[in-house]
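Every chain is named by a letter (A, B, C, D and E) in the order it is written, and numbering of its residues begins at 1.
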Amino acid sequence: MARPKSRRLVPKAVNPLHQIRVMGRLVRRAVKKPGTAPGTLVHSGEKKVERTLIRYIDYDADELHEAEVPDVSACLSMKDSPTVSWVDVDGLHDVELVQRLGEHFGWHPLMLEDIVSVGQRAKLEEYDGALYIVVPMLRWNADTLQADEEQLSLILGDRYVFTFQERVGDVFDGVRERLRTSRGRIRARGPDYLTYALIDAVVDNYFVVLEGIGELTEGLEEEVIVDPREHTIQRLHALKRELLSIRRAVWPLRDLVSSLVRDELERFTDETQVFLRDVRDHAVHVLDTVEALRDVVSGMMDLYLSTVSFRTNEIMKVLTVMASIFIPLTFLAGVYGMNFEHMPELHWPWAYPALLALMLVIGGGMVLYFRRKGWL
Amino acid sequence: MARPKSRRLVPKAVNPLHQIRVMGRLVRRAVKKPGTAPGTLVHSGEKKVERTLIRYIDYDADELHEAEVPDVSACLSMKDSPTVSWVDVDGLHDVELVQRLGEHFGWHPLMLEDIVSVGQRAKLEEYDGALYIVVPMLRWNADTLQADEEQLSLILGDRYVFTFQERVGDVFDGVRERLRTSRGRIRARGPDYLTYALIDAVVDNYFVVLEGIGELTEGLEEEVIVDPREHTIQRLHALKRELLSIRRAVWPLRDLVSSLVRDELERFTDETQVFLRDVRDHAVHVLDTVEALRDVVSGMMDLYLSTVSFRTNEIMKVLTVMASIFIPLTFLAGVYGMNFEHMPELHWPWAYPALLALMLVIGGGMVLYFRRKGWL
Amino acid sequence: MARPKSRRLVPKAVNPLHQIRVMGRLVRRAVKKPGTAPGTLVHSGEKKVERTLIRYIDYDADELHEAEVPDVSACLSMKDSPTVSWVDVDGLHDVELVQRLGEHFGWHPLMLEDIVSVGQRAKLEEYDGALYIVVPMLRWNADTLQADEEQLSLILGDRYVFTFQERVGDVFDGVRERLRTSRGRIRARGPDYLTYALIDAVVDNYFVVLEGIGELTEGLEEEVIVDPREHTIQRLHALKRELLSIRRAVWPLRDLVSSLVRDELERFTDETQVFLRDVRDHAVHVLDTVEALRDVVSGMMDLYLSTVSFRTNEIMKVLTVMASIFIPLTFLAGVYGMNFEHMPELHWPWAYPALLALMLVIGGGMVLYFRRKGWL
Amino acid sequence: MARPKSRRLVPKAVNPLHQIRVMGRLVRRAVKKPGTAPGTLVHSGEKKVERTLIRYIDYDADELHEAEVPDVSACLSMKDSPTVSWVDVDGLHDVELVQRLGEHFGWHPLMLEDIVSVGQRAKLEEYDGALYIVVPMLRWNADTLQADEEQLSLILGDRYVFTFQERVGDVFDGVRERLRTSRGRIRARGPDYLTYALIDAVVDNYFVVLEGIGELTEGLEEEVIVDPREHTIQRLHALKRELLSIRRAVWPLRDLVSSLVRDELERFTDETQVFLRDVRDHAVHVLDTVEALRDVVSGMMDLYLSTVSFRTNEIMKVLTVMASIFIPLTFLAGVYGMNFEHMPELHWPWAYPALLALMLVIGGGMVLYFRRKGWL
Amino acid sequence: MARPKSRRLVPKAVNPLHQIRVMGRLVRRAVKKPGTAPGTLVHSGEKKVERTLIRYIDYDADELHEAEVPDVSACLSMKDSPTVSWVDVDGLHDVELVQRLGEHFGWHPLMLEDIVSVGQRAKLEEYDGALYIVVPMLRWNADTLQADEEQLSLILGDRYVFTFQERVGDVFDGVRERLRTSRGRIRARGPDYLTYALIDAVVDNYFVVLEGIGELTEGLEEEVIVDPREHTIQRLHALKRELLSIRRAVWPLRDLVSSLVRDELERFTDETQVFLRDVRDHAVHVLDTVEALRDVVSGMMDLYLSTVSFRTNEIMKVLTVMASIFIPLTFLAGVYGMNFEHMPELHWPWAYPALLALMLVIGGGMVLYFRRKGWL
C-alpha cells in the first residue's frame, strides 16, 4: 500500500505512558480521615496559587465598580447592597477565608466543605438563603494535548454571586467584558442571569476541549489506518481514558442544568429560564459528542486489532510461500550432496540438468498452487 | 474456496482514508468565543451559496402566488396576511438578513442565533408567537457514497412558515408540486399541515439515505465473506462512523416528532396530529433500521476478524506440514553429506536405497499423522 | 480429539453467501418519492399473487356463511349487518380494490396507505370507526432454513374484521376450523374475540419459527465445537442477521399487544382482555427466547474465535518443536559437510559416532525442554 | 511456569458437547398447532412420572390431616371446608384430572392450559376466585453439574392452595415438616402464608443451585489460568448457556415477587407482606449473583483468549530465535560445502577455525540482539 | 523500545491464582436448608472473634457514659432511657445474644435472621418500632491488596442505635472521638444524626478502598504498557473481579441512601436530611468511580490483547525476513554441494565468486523488498 503523507498525525513527542501518568490519578487521594465531622474544611487539591486573589464586580443597569481586593473584608458589605455583586475568589488553600465568608453570609457548613473539597461531581444544592452549584471547568491544554479540570463553586444569593476557583485565569473574560461594555441585557438583569452567563461560558468552553479531542482522534484514526504501531494502541488507550474522564465530568453537569430548567427554583426568572434551556441543549450536545467520540475510539481499537491480525496473516503468507517452495528443493539438493559410494544417479551424465528441471517443476507447481489459493 | 463473482461490491475507487477525511470532522469547529453574549449571530458553517435565495409561496384554498424575491422586504408584509405563506431562505451567511427578519417578526434572539449556528441537534422550542424547529436534513450523495447533512430551521407562526437552509436545492419539490397542483387537502389546511408536510418530506428522505447505506453494507458484507482485505476493515470503519453520525441526527429527531405528537401544542389541529403520528412511526422506523445496520456492521467486524484468524490458521497448517515433513529429511541428507573419513555406512552398497526408503517412511508417517489430525 | 458423529449439523447445501442474499435487503427499497402526499396508495412489495383472493366468513352463534368472492362488491353489505363478518383479502397489488373498500367503510387515507405499504413495523392506530393493526407474520421455510415475513393488516370495526395479507395461505386455518365446527365460545363472541384469535394464531406461529431457528443454532453450535470451518462463521453471521430481523419484527409486536392490554380500548370486552393478557405473555416469551438465542449466537462467535486461536497455538507448537529440534542438528551436519582441507575432526576415527551421540543429546535435551514447557 | 496442583478442577468426565446436548433444547418444541382454541389442554412436557401422585394436607391451628389419595375426588370437598388445604399434584400428563379439578373449583380455562403447558416464564395472573402463580423450580444435579428445571403451578384460593409439579420429589419437605411439627406460626395463619412459605422454599433453593454453579465457575477459572485447553473454552460456553437459562428463569420470578409485594392483592395480609418483602430481597440477590457470575464468565473468556494469544506469542519467540540464529549459520556451512573446484578458502589452513569463530560471533550477536529485545 | 523503570508496579509476590482464591467464593455457601422457617437464626459467616464484644456509649448534650460490658443485660435498660444510646456488638456467632436482644426490644424475627446472615446486600426495612439498615463495610487490606468486606447491621429505635458487626475493629473511631470530645453538634442531636454519622463513616471509607484499587490499577496499566506477561492478564482478571464485587456492594448502598433521602421517614429530622443528601452524593461518587475503574480495566484488557497481537506481528516479521533471505541462498549452496559427476559449473574458475555475487544480489534484493514493505 502506498503510504500517503500523514495529514495531522499526533506529535511523536507525546509519550503515552507519560501522558497517562500526567493525566492524574484515577482516584483522587482522600484527604479527610473517614469519620471526620461534616463541615470540617480541608482543602483536598494541590495549592495552585501563591496568594488567594479576590476580585469583585458590583453593578446595576447604570453603574459598575470593579476591584481587586487584598482581603475578604471588602466583600462583606455586599450582603445587603441593592446592586448585583459578583465576587470571584481564585485559590482555595486559604480555608480560613472561606470559613469567614461562610459565617458572614450564613452559608451551610456542608457548602463550605464542598467549596474546598475539589474533585467533586457537578451538583446543585439548595440551602436556606443561597443556591450552591458545583461545576467542573475543563480547559484544553495544547501542550499536553489534554483537558485540565478545575472545580468551580458558584453561590447564588439574593443580590450576589460568589465564584470559587482553584487557580487564577478562567473562561469568564467574555462575561466580564459584556458586563463592562454592554449596558444592555446583562447589566439590567439580576444575579440569576449572571449565573446563567457564567455556566454558559463554562459549557461553551467544553466545545473548545472537544474540538481538541476531536482533532487528536482524527490524527490517531489516520495513524491506525496508515501505520499502526505499538504506541498507537497506547495513545488510543490514553485517549479513551481522557474521554472517560470528560464524560464523568459532563454527565452530572447535564443533569444539573436539566434540573435547573425543570425545577421551579424561584431564583430564576422566566426570562432566564429560556436561556437556561439553551444551555441545557448545549450540555446535551456536548455529552452526545463525547459519546460519539467514545464510539469512534472503540471502533478504532477494533480497527487496530483487525489490521494487525490482517498484517500478521499477510506476513505468514510470505513466510509460508517462501518456505514451502524452497524447503523441498533444499531437501533434494541435500540428497544428492550425500557421499554414499553407491549412488548410481551421480554418474549419469544428464542427472544434473534433469534434477534442475525437476526442481523447476516443483517450484513452479508450488507457485501455481499458491497463486490459485490467492496467497501470491 | 471457489470465489463467486461479486454481485455488488463497493467501487474500488473509494479510498477509505479519503472517505473518512471527507466525512467531515468529528467535532465541528467552535466559532463563537466562549462567553459571547447569547443572541450574537455568527454563521458557523461554510458559505455554501453565492447569494441568499428567497422564495415564497402564498396560498389559500383558492389561490396561490409563488415568487423568487431578491430581498427580504417583500416578505415582511406576510406577517399579518390571512393567507398561508411559506418563505424559504436558502443560504445562511447573510446574518443581517436573518436579523432583520427576526426584528420584524419578533423572534427571540436565541432563535436567530440557532438559525445561523449550523450543526445543531434536532430541537423544538416554543417561544411567544412562534414555534421553532431544527431538523437535520440528510441527502444521499451517490458519488461519495455518503450522506450529506444540512440544517433546516423551520419557524411556524400564526399564518406563516419560514424555512432556512444552508444551500439551494432541497427535498421539498414534492410538497411544492402538491401545493401548486392539488387544490385539495394541503391548500385547504393551515400552516400546521404545511409544517407536517415539510417534516414528512425530510423524514421520507432518510429512507433514501438508508437505502444507499444498506446497499453499501450488503456490498461490504460480500467483500468480507469472499475476499477480506486491509481496505475492507477500513471501509467497515468508515461505514460505522457514517452510521454513527446518521444515528446522532435521527435520535433527537425522533424525540422531536414524538414530542410534537405528545404535547398538546395548540398550533397543531387534531387532524394534523393524526398525520404527525404517522411521521413519528416513520422516524421510529428509521431509527430502528439504523440500529439494525449498526448491529450488522458490528457483526461484520467480528466476521472479518474471525475469517482472518481462520485463514492464518490455515496458512500455519500448510507451513507446519511442509516444514515438519522436510526438515527431518533434510537433516538426514545432511548427515550423509558429512565428510568424515570413517563413516562405514557410506560404503555399504545398499545404504543409499535403504536411506531413501527410510526417508519415504518418515515422510509418509508424517503425512499420515497430519491427516489424522485433520491438518491435511 | 475424537470427533463424535455430528447429530444435527446444518445441511451443507446451504451456502451462507446465498443465504444472506436470499434473506432480502437490509433496507427495503423506498417506493414513494419523498414529498408525496399522504394517503397515496403505492404497493411497496413484490406482486406475490396473480389475482387478489377475497374470502369472507359471516357468522353468529347460530349460523355461519363462508364464501370466496370474485369481487369486493359482495363485501360492502357487511358494513351494517348484525352478524360478525371476517373478510380476508390476500394480495395487495390491486390498490383500487383497497381504495374502494376504504371509501365504502370510511377508513382514513393513512390507513389505506399503510395496508399496501408492506415492510412496516407492528403498529396500532385508532381511527374514528375502526381500529387498525399491523402485525408482521413469520413463517418458517424448511427449505431455505429461514423465516419468511409477510405483513398482516387487520381492521376491527363494529361488526366486522378485515384482514389483508400479501399472499394466499396463512396461519389462520385453525381459527377457521374453530369457527366452522365449535359453535361454542368463538361463535358466541364478537369481532374483538376474533381479532384476539387471529393475533394469537400469528404469535403462536412465532414459536414454530423459533423452533426452526433453535435447531439451526444447535446444529451450528455442534459444528463450532467439533469442526469449525470458514463457512461456519459465515453461517453464524447469517443466523445472527436472521435473529436480528426476527427481533425487529417481535419487539414492536410485543409493545402492540401490551398496549392492547393496557389501554382501555372499548372495543375489547373484559372477557377478551383476559385472553389478550395471555397473548402478551406469549409475545414476551417469544422476545425473551429471541434475546436468549442472540446471546447464544454471540457466545458461539467468541467460541469460534477462541477455538481457532487455540488451534493456531497448537499448530505453532508442533512447528516450533520440529524446527527447534532439527535446525541445530542440520547445522551441525552442515559444518561437517564442509570441504575445507584442514578439518582435523574429519580424520578422527571416532568423530562420526561422537557427533551422532552429540546430536542425540541435543535432540533429546530439546525434547525434554519442550516436554517440561508442556508443548509436547 | 510451575503448575500448582489444581484445587477443584471440573471433573474431566463431563464432555462439553454432551453437556450442551443434555442441557436441553434452546427452544422448547411447540406442541399445540397455532390457531388451536385457548383452553385446550395439551401437556407439553415429557411424561416424567408413571402415575399422577396426589397428596393433601388439611390443617388449622389445632389439627392436621395428611393423606396420599389415589384419585382427585377426595379433594373436591375442600372447596368449602373452613380449614386450610394444600393439595400437591405431581405429574401433569393426566389432563383429564386437571380438567376435572378446574371445572369443580371454577378455574379459568387459560389457567388450566397453563398448568399443563410446561416451560413457561414465571407469571402471576389474578382470576375471579383464584390467584394463579407459575414459578420455575431449579434443582442442582450434582451428577450432570447442571440445574434441572421444573414448572410449579400454584393456585391460591380462599381456603386452599393447589400445587402442580412435573414429577414427584420437591423442595417442600421443610415446609411439610414445619406444618406437621410446629403448631405455631405457619399453622395459625392462612393459605396466603402457606403460599409465601412455598415460594420462599423455591427461591431458597436457587441459592443451592448458584452454589453449585459458583464452584463450577471457580474450577473453570483455575483451569483457564493454569492450563487452558480446547475443552476449557467449550466448558465455559456450556456454563454461559447454563447461566443464561437460569437468568431467564429468575428474571421474571423477581418481577413476580416484586408485584406480589407492590400490588395490594387482598389475598395477602399485612403480616404476610412483610415476609414477601424478604422473599423479594432474596430474589433480587439471586439475580444479582447470576449477573455477577455472567460477568465473571465473560471475563474468563477474555482471559482465555488473551492467555492463548500470549502463549502463541511466546512460542513464536522461541521459533524465531532458534531459526534466526541457525539459519544464517547453516547457510554459511552450506557455502563451504559446495564443490567448486576453485574455492581458495578451502585450502587456507586457518579457514576452518576462522569460520567457526565467525559463526560463534554471528550466533552470539543474535543472542545478544534477542536478549536486548527481551525475547530471551 | 527502551523500557523505562517502572514507577509503581504491582508487587511481584502477589500470585493472581492465590489472589482469586483468597478473594473468597463467588457464591456464599448457603447455610440454612431451603424451607426452614423464617426467623430461624443461623450465623452464616465464619466465626471471626473469640468472644462477642459489647460496647455502649450513652450520651446527651451534657453527659457521656462509655463502657465495655461482658453481657447483654446491661443494655436492656436503654430501651426507655431519655438519653441517646449507641450499643455496638462485635461478633455474630452468639445467636442467643441476638435472640435475647430481639425479644427485649421487640424486633421482628426477620430482622434478627438478617443480622446473623452475613453476605447480604444493603437494605433498608422499616418495622414497627425500629428501622433496620444493612450496609456492607469495606476495608482496604494493604497486604493482600484487596478489600475485606464485613456486614454492618444498624438498628435505629426511638432513643437508641444498635450496630452489629462481624468482628472487632471498625471505621467508627472518628465518630466515637467526636462523641467524646465535641460537645457540639453530634451530642446535641438525636439517634438519627448518629445513624447518619455512622453511614457517612462507612461511605467515606469506600474512598480509601478506591484509592487502593486505583493505585493497583495504575500499576497494572503501566505493566500492560511496558511489559505485558501472562501474569498481567491474570492480575487484570483478579482486579476485574474485585471491582465487580465492590460494585455489587455499592450499587444497593447507593439505592439505600437515596431512599433514605427520598422517603419521608419521620425518624430523620429535616436537619439530618441535609446531611443525608451529602452522603448520597458521596455514594453516587463512589459508584461513578467504580464504573470508571471498570471501564479502564476493560480498556486495559483490550490494550493487552492488542499489544500482544502487535508483538506477535513484530516477531513474525523478523522470522519471515530472516527465513526469506536465507532459505533461497541455502538452497543455492545446496545445489552446488551436490556430488554429480557432470556439473560443468563446478569447474569454471569464476563460478564461485559469481555465485557469491548472485547470492549477494538475491539477499540484497530481499532486504530492499522488505524495507519497501516496511518490515525492516
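By definition in this document, contacts are C-beta pairs under 8 Å (C-beta built on N, C-alpha and C of every residue); 3 or more make two chains touch, one makes a residue touch a chain.
Everything numeric in this text was worked out from a predicted model, so none of it was measured.
Trainee: Shared touching chains for chain B and chain D?
Mentor: C
Trainee: When every step has to jump to a touching chain, what is the lowest number of steps that links chain C to chain E?
Mentor: 2
Trainee: If you list every residue number at the chain A and chain B contact, are more than half found on both copies (same) or fewer than half (different)?
Mentor: Both copies touch with mostly different residues.
Trainee: Quick one: how far do you have to rotate chain B to sit on chain E, C-alpha fit, nearest 5 degrees?
Mentor: Between chain B and chain E the superposing rotation measures out at 145 degrees.
Trainee: Counting in whole Å, what is the centre-to-centre distance of chain A and chain D, each centre being its mean C-alpha position?
Mentor: 42
Trainee: Quick one: report the Å distance separating chain D from chain E, using the average Cα coordinate of each chain.
Mentor: Chain centres of chain D and chain E, defined by C-alpha means, are spaced 26 Å apart.
Trainee: Give the residues of chain B that touch two or more other chains, as numbers and ranges in rising order.
Mentor: Within chain B, the residues that touch at least two other chains are 305, 309, 311-312, 316, 319, 323, 327, 330, 334, 337-339, 343.
Trainee: How would you write out the ring, from chain D onward through chain E?
Mentor: Listed around the ring from chain D, going to chain E first: D, E, A, B, C.
Trainee: Which of the residues in chain D come into contact with chain E in the complex?
Mentor: That would be residues 1, 4, 7, 171-175, 177-178, 182, 185-186, 197, 200-202, 204-205, 207-208, 210-211, 213-215, 217-218, 221-222, 225-226, 274-275, 277-278, 281, 284-285, 288-289, 292-293, 295-296, 299-300, 302-303, 305-307, 309-314, 316-317, 319-320, 323-324, 327-328, 330-331, 334-335, 337-343, 374-375 of chain D.
Trainee: Which of the residues in chain D come into contact with chain C in the complex?
Mentor: Touch residues, chain D against chain C: 3, 16-17, 20-21, 25-30, 32-38, 108, 110, 120-121, 123, 125, 127, 227-230, 233-234, 237, 240-241, 244-245, 248, 301, 304-305, 308-309, 311-312, 315-316, 318-319, 322-323, 326-327, 329-330, 333-334, 336-339, 343, 345-352, 355-356.
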